[in-house]
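Please go over the structures that come below.
Across the two complexes that follow, chain A remains constant while its partner is chain B and subsequently chain C.
Then we have the complex of A and B:
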């Protein structure tokens, strides 16, 4: 689907984020760089606490108070979002960059009707209430919610419907880039499949570029064009989806795949990765994955590997340098 | 929705009925109030006449024998149940008659209505100011959490909250009357003969200091509750959604934080209405404001039971009503309650 000729809609260069706590400074993201082509879907995967959510919030400049973007550039259509004034950034949010939170959770305001919450963003663009009402109907129809339910409150919706409403809301202003934060978590598999189907269909119809944050490799395999595997705040591997699943370069990607059930092969033993992701305020020297890596070599404990080009993508591992 | 309102009202009526019972017996367990008439000039006959006049010669209630189904007879113990103090109390209440004040000989209902308006004026002005200022302060403090602004609002609120009401009142009275020439007490200048707007202005200057005291005393509570609630709300996911939607700070606070944070405030305001009258007793006494609080204070000193009984009933009813209103506001503010 992704066309190599097309320009990159989003380019992140050397993004580094710190969280300042009372005692220590935790580096949540270090030197994260990647590009996303217009119209493609990038999956961002990793364990909990690897920096997926931080990355997503940093792109929108919505980090919590303790978060600081220390270095880097976020080029969106060639403009560096990190250099925009707060007001310019605010006018860009939702118009160009929308985010789909986990709608099944508390991302919708419980005391406002779904219609009100969608209308709210429409009115920012155009204060005409009749055209806004028409657009709400259109959006809800697009995601398959009956228009008779638009006056209802989020608690009257099922989890899947709330997620659909969230998606409808994200599409309200025709954004160029949609960031979806675990849009299928906490939904049952049937609804999950429907939501993913919907995302794919909308991508095709509206030429959306989507960043899909998830910890579910199955979701990535199903819908993404490329995948970004994160570990401990750095990029472990960034490659097209075929390469990730068929020829993973980084030991962490390999380990992740080993821990994931493959229904095409009968009776494969699921492998877990021993240990825990590193604590961000006490990172190991050298490669962050070294303490859990099964293929660790001497240099891994000493030097941080840099992101290097491998056949189809990029990976950060000393093993690949020696090849 | 209608069913819900009716159910709430039903419960309120039941509560009031219980209060009616309690209120009646509370003042009967203290014995015959004519015992307290110690004036030596009163003859036994006069005292007896007073007892008859106030219905104190009748039995308090009919005996429990009437409730026994076997002996069921209204006259089981030789007392006509309709000729008791309790029956008189109920039938008078239904007629809106709360009895006659021992002290001023005026009908209690008339006295209380007159005083109630004065109290409502004071409470209304004070509470509305306290609520508005407290809510705004709390909202701003929460938005600017852990800044100088937040800390000064916090310390200020805690300070005024912990000041004793009567003490603050006395200080303000001293300061206001000494330096600003504000009146020392009362509701209006007696015998001034002012009418129309001038009279309203006169009442306004009298209202100034008590209202200020009232507002200061209550601001702290509202501010503190608002601050902590808004802090909770601001950490909710939907606030992050609102920020991501590019809404302005004002819109986020007004449309997303405030309404969710209003729920606890509504409860506190309703519960406060009861305590408010207690607070008003102190303020009204310091400023000689002729309200319900001062009336209660004076009636206690004079053992004016009919007035006390009427005032208690009025307070109980207003607390119950305030709770009903809070309940209904709740269903309006929170759609999740509406369906429950």
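Then we have the complex of A and C:
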């Protein structure tokens, strides 16, 4: 049977997250729903504070103390992660799901060698030391770090090498889904290119499914299959990247593209988006993007738009409903 | 006459290795360029190639090890006292991080007024207030009155960076050196701050050295681009020339890996392996040869200087001669 349609590895339904602070309750994610096909790379973009990291942490049930998942389902291979026991979730987290945290390359333990840190992760799953030692070599080779350097400490590595070591650690137990939160943001373009190439190559070799958080639309265009554009805790648009870049449906996606520099089109003018993203404790009524939207109509300030099907994907905008 | 002419500028740091041996970091190692009034030159290159050190040396915040910086035809590498203070008024710097470069205890009004006091400008408090308001408005903070009494934590990232720009502008400099002024900002706000800088250039003829590792931003903003590698400029030309017709293999590689927001344009990447080499240990011959995908044996033996490709476009590569 030649079924090109890949099954969904991940399906998120109605995910809603609050942060409880002393003063108030802030809704950081509202009714977030999307599917991710096995073996694909989903880019997650949006301005700072729109909830990208919160979403990733919620999927893995790793939210900080103040965070609460108040509604939703996270179906991984059909199983709802939100209903698993803490124990089952913990073992799944290392075996099937892996995360490379934002700023992770600075999170390696400075007093342990890279080899020891990766070994530790492996022994947690399988206490056989010989097989762990072999696997460390394999993993380091996979991410392009020479064996002769495995006994070194993190400070002896450049930023790019530390990030590779983090990727090796994330891959230690053959995960099916890898979440990478801004894995290249602090790195130089050349090192970024090396890391992105590595992720693409690993995806091809290991059939990984990857969620890639970034605020660089260029990175999304270069490596992702689909993209999720977030704004103020909700999904503005979710579509294959051809649609996102060539026929964006949501005015926010359009505005982001207009503000993003493209060195192949140096003559076009960059257009800023007036105003700032909403504060979670002072959300505007109706559509959250309405106060900054150049195409705003009356209903936008009254009613929250829901995520609807548009030609190639999904978007939440009243203008698309009236079409 | 050029506003600033940099000639064979060097800045070397010596480090004691702890073993009694002295190591020399050749952070800036023979840089020459000129900048006209009202012109924007982007300086791009990998982390550690010497961009910030070059900026600090131009400002005379670091003392040059060798070479000259002629500003309005006066060599500033030897300036002292009052002459140096005047120079610091004419050349202003805007740094990367708007969170660190503002004193959290001062109001916006006081922050922008401070440089006027330091330089003894403005006859009275009210004259200074007028200058402060004008600078805030030129930096796009309108109406200025509503910002004067706010403190940095009450502002967004983009607004803070505009306060930094206003504090530079209030002295009416003829040259602004901006070191990664927008890299900490979200794209939506980045475009807005770039717009403010663009207006300065157009309406006040302020010249700018715009330091960035983002060639995309440079493409939209600069008149010319200088590509720096290990302490030297390896290519220099008009923006469009450099982008459309890059000559140096390093520029070609750098351009090939800038992510382009267009999935139809997934190009072949020239990915240089390894990390940029160390300015303590600069390779002989062409300093790029160990990473160069097209190097020939001569490249490791022969130093190369910048050569003209056309009147406005220069590059330092041996292979140019072979193709030309």
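Criterion: the second predicted complex is superposed on the first by the 314 of 323 C-alpha atoms of A that agree within 3 Å, B and C clash if a C-alpha of one lies under 4 Å from a C-alpha of the other, contacts with A are read in each partner's own complex, and residues count from 1 in each chain.
The definition used in the following text is that a contact is a pair of C-beta atoms (placed from the backbone, for glycine too) under 8 Å apart; a residue touches a chain by one contact, two chains touch by 3 or more.
Predicted model, so just to flag it, every value in this text is computed and none were measured.
Should chain B and chain C be called a clash or a fit once both complexes are overlaid on chain A?
fit
Just to be sure I read the superposition right, which of the two partners does A:62 touch: chain B = first, chain C = second, or both, or neither?
The answer is first: A:62 touches chain B but not chain C.
Between chain B (first) and chain C (second), which, if any, makes contact with A:48: first, second, both or neither?
In the superposition, A:48 contacts chain C only.
Is the number of chain A residues in contact higher for chain B or for chain C?
Partner with more touched residues of chain A: C.
In the superposed arrangement, does A:148 touch chain B (first), chain C (second), both or neither?
A:148 sits against neither chain B nor chain C.
Based on the superposed arrangement, let me know which partner A:130 touches: chain B (first), chain C (second), both, or neither?
neither
Is A:85 contacted by the first partner chain B, the second partner chain C, both or neither?
neither
For the combined overlay, can you note the least CA distance between chain B and chain C, rounded to whole Å?
Comparing every C-alpha of chain B with every C-alpha of chain C, the smallest gap is 10 Å.
Go through chain A and flag every residue that touches chain B in one model and chain C in the other.
Residues common to the chain A contacts of chain C and of chain B do not exist here, since the sets are disjoint.
For a test of understanding, state which residues of chain B touch chain A in their complex under the given definition.
For this pair, the touching residues of chain B are 236-238, 240-248, 251, 255-256, 259-260, 333-336, 339.
Which residues of chain C touch chain A in the complex?
Against chain A, chain C makes touches at 46-47, 156-158, 186-192, 194-195, 213-220, 239-240, 243, 253-255, 257-266, 269, 271-273, 275-276.
Give every residue of chain A touching chain B within the complex, in rising order.
For this pair, the touching residues of chain A are 60, 62, 90-95, 98-99, 101-102, 105-113, 120-121, 124, 153, 155-156, 169.
Over in the complex, which chain A residues touch chain C? Could you list them?
Going by the criterion above, the answer is residues 47-48, 158, 160-161, 188-194, 197, 215-222, 241-242, 245-246, 255-264, 266, 268-274, 276.
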